[in-house]
Amino acid sequence: MREPLTLSEIAARLGGRIVGDANCRIAQIGSLARAKGDQIAFLAHRRHLGELERTNAAAVVLSADFADRTALPKIVADDPQLYFARLGQLFNPRPVCTPGIDPAAHVHALARVAPSARVDAVAVVGARAQIGERAWVGAGCYVGEDVRLGEECRLYPTAVVYDHCIVGARTVLHAGAVVGADGFGYAKGREGWVALPQIGRVVLGDDVEIGANTTIDRGAMDDTVIEDGVKLDNLVHVAHNVHIGAHTAIAACVGIAGSTLIGRNCEIGGAAMIHGHIRIGDGARVSPGTLVSRSVRSGTYTGIYPFDDHASWIRNAAGLRRLASLFDRVRALEKWLMQKEKNRD
Amino acid sequence: MREPLTLSEIAARLGGRIVGDANCRIAQIGSLARAKGDQIAFLAHRRHLGELERTNAAAVVLSADFADRTALPKIVADDPQLYFARLGQLFNPRPVCTPGIDPAAHVHALARVAPSARVDAVAVVGARAQIGERAWVGAGCYVGEDVRLGEECRLYPTAVVYDHCIVGARTVLHAGAVVGADGFGYAKGREGWVALPQIGRVVLGDDVEIGANTTIDRGAMDDTVIEDGVKLDNLVHVAHNVHIGAHTAIAACVGIAGSTLIGRNCEIGGAAMIHGHIRIGDGARVSPGTLVSRSVRSGTYTGIYPFDDHASWIRNAAGLRRLASLFDRVRALEKWLMQKEKNRD
Amino acid sequence: MREPLTLSEIAARLGGRIVGDANCRIAQIGSLARAKGDQIAFLAHRRHLGELERTNAAAVVLSADFADRTALPKIVADDPQLYFARLGQLFNPRPVCTPGIDPAAHVHALARVAPSARVDAVAVVGARAQIGERAWVGAGCYVGEDVRLGEECRLYPTAVVYDHCIVGARTVLHAGAVVGADGFGYAKGREGWVALPQIGRVVLGDDVEIGANTTIDRGAMDDTVIEDGVKLDNLVHVAHNVHIGAHTAIAACVGIAGSTLIGRNCEIGGAAMIHGHIRIGDGARVSPGTLVSRSVRSGTYTGIYPFDDHASWIRNAAGLRRLASLFDRVRALEKWLMQKEKNRD
């Protein structure tokens, strides 16, 4: 947290048009519903207009469309959500990373840790690993041999990066994230499954964020690649040899099977599942819970069974197992009808 | 484990009606199928009557309906499953937590650990954290700054609680559980995604259980709240600002998107997925694999594609992509028919 | 990595028929697309014939069908994928496990670690645990009391094995895997959920592989059993008392509910979900994303909502909630028609 700022100090840094008391002092961001009297909130959507009326916030950020809906001091911005994200960063800068290797960290003699980096207690850093300037390796993390961590990247406690993988600058791994475990590749032999050694790496770009307990497998022979600015939520699975284009965002519980190429600026909803060996075009959107089984271009794709009360579901779902026959029956009716009409002519 | 008990000693503590030898000595609970001769089993369901006939258990717990189906000593109980759970707890009390901070634990000088609490080797406890009486922090856990752990709560090895989060009394976190990672909140800027700082907390009530590798994100500005007695299975994802009402049970692999309110006493089946910004009423039940995309009241909700052998699925699923047209065709037939009937009049 | 081998040295060990320069020296395996000039690649599928033409590999492995499609030195094999997996193992043997207990590991005085085993820094090994010959316990792992780890098994960093569980020979646990957490078993009491103590174990066979952040719960009273040669990908959930037969392979994000029996040699696709208390026959295949809700024999089973562009999906999915009524309408039309035909007779 930082010193309070007046609205005019804020606007001087972030732009926006002030309406009302420009000297109103702001200490932190808050939600419309629960902001305290020294906080600034924002109106994200029309459905929150009721909360806007009742808010205790000192000031609000909103779009011109709603500027007349409150008498509070306000900043009118073109994109209130984006403005508010920047405002949030202004009041909550990344914590300064006190440099130094904790005496209870275990850093291999051949590892290279930048003087401004920080390695916490019970973290383990392998031989020849390189840790960049101002990077922060949390408690209990494992950084394998030959790993490279870019500057200012942050590994929260218990994150694991296997040998040889690359993590870009400012990239964040949340707790329990596992980068570089073996891909799931086997051939069937007489004695059972024979593992194909997984000798590729994972290469994470700059400004990537990896959620808690998300797993990204190393490539079989080539690399698994996550480009700059990609955001992965929690419990996402990225299989070997997947390539995810820059600035794609993937919500929680998604699985992406092997060798699939996902374009740039895609948005993939929670619990979606993407088959292997396919291609998702730049800017494509996949709805939550949707299984994508073949390549698609840009566009929005959905495949969700619409839920219902259980009794209705039973009644309707039973029909699905006879749907092909229903088409046949309708075709027979149509044929009969056409015959009938023909006979009449 | 504890000393054996006779059936009458058991009934004196837990109630129930003994039929047969009340002095029969019981050392442990067991399953009908595999109980040894000093164990007590229970009949959960009619389908296990065959196992009841063949069991080697010393005694059984069952309902009055089935009391005449075995000659073994037995305890007749109104709710045999509940009775058996209590019986299980009687024979398997929570392990006593030997107090003390392991010399290989890393507890910050400003943390406060109750004298009766236990912190195991390679656990890390941050500044100003408070650890309650008889709480147990397992090996390799991370307890962040300002975290409060209630009395008798238990963190199994490698569980992680981020800074500022609150864990209630007797609450259990299994291995790999992550409480308080950043919520997934971004605004789209010209330079890519801009993160909205996540400055809320996670607040877990009393008697909560969090399964292995489950993740619960901290709130964006307000808190993510899990009320008393909530049970979450493994690999569940709870997004920022979700609120889960008391005594709700959520099975494995479920995902709950941001800002959703789930009522009290709900039951959510495995791999269900709940959209963000909706409300699930008290006592609602969601079937496994169901995606709930809008608010619902109490009731049971289902949306599952009924599986079939692959060839039948292909035949029927193809029809789904033309279902709207099938409705049109049936409507055309009906119209023709009505016209026909009308003409006849 | 190892010394380069000529094609004839390779064929002497693994079989196959050499066509072209048998003295061609190979240093490593590679992909057709990116192999370097001292690497050998393989042709997995007809769709990669274009890459075969352009490859820089020194040699290729392929089936007789495609042997005339390249002038490169080659090994013709009956099952190129299996051949290539063995070739990969030849060039990438399991890393030799330098024996010894790291001074920063925490091994209980009553644990027994084989002299040829290795325990890395900040690993914790509980009382009476037994660690077999040449086993390797990675950094930050937790091996509970009375656990037995078979010879040559490998726990990657942060894997957790709870008390009393058994891990077979050569079995691999990737980072974040949790073996033996409590099963999700509760009875509903007036005061809320009452936990049934979970006193069974997890028993993993030989040559099992457990992916990153996969969770396998201990049995309630009996054991959860994973037989020899089973392969589980990342983020899989196996509930209490599940039994998985030998050589079954389960892709990522799958959930298996309690007490289900899965046969031998099954293949279960990613994000499939298997209900509890059912039986999946030997050799059965379950497609990705399919929810299996009742017992099945050998065969292939699918239940996926076919995805579509969003607008088409909306149009068609709406019909699903009225599908039963559509059947009724078609039946009414058919009845009318039959009546019509009858009247005509």
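Order of writing sets the chain letters: A, B and C. Residues in each chain are counted from 1.
One rule holds in what follows: a contact is a pair of C-beta atoms (placed from the backbone, for glycine too) under 8 Å apart; a residue touches a chain by one contact, two chains touch by 3 or more.
Note that the coordinates shown come from a computational prediction; the quantities given were computed from them, not determined experimentally.
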item: Classification of the chain A:chain C interface as same or different, half of numbers criterion; value: different
item: Equivalent-chain rotation between chain B and chain A, CA atoms, steps of 5 degrees; value: 120
item: Chain centre separation in whole Å, for chain C relative to chain A (CA means); value: 25
item: Set of chain C residues in contact with two or more other chains; value: 122, 140, 158, 176, 213, 235, 253, 271, 304-306, 308, 317-318, 320, 322-323, 326, 330, 333
item: Residue ranges of chain A touching chain B (in the complex, touch as defined); value: 28-31, 33-35, 79, 81-82, 84-86, 88-89, 91-92, 104, 120-122, 138-140, 156-158, 174-176, 207, 209, 211-213, 228-229, 231, 233-235, 246-247, 249, 251-253, 270-271, 288-289, 304-310, 313-314, 317-318, 320-324, 326-327, 330, 333-334, 337
item: In the complex, chain C residues that touch chain B; value: 106, 122, 124, 140, 142, 158, 160, 162, 176, 178, 181-182, 184-189, 192-197, 199, 213, 215, 217, 220-222, 235, 237, 239, 253, 255, 257, 271, 273, 275, 287, 290-293, 299-306, 308, 312, 315-320, 322-323, 326, 329-330, 333, 336
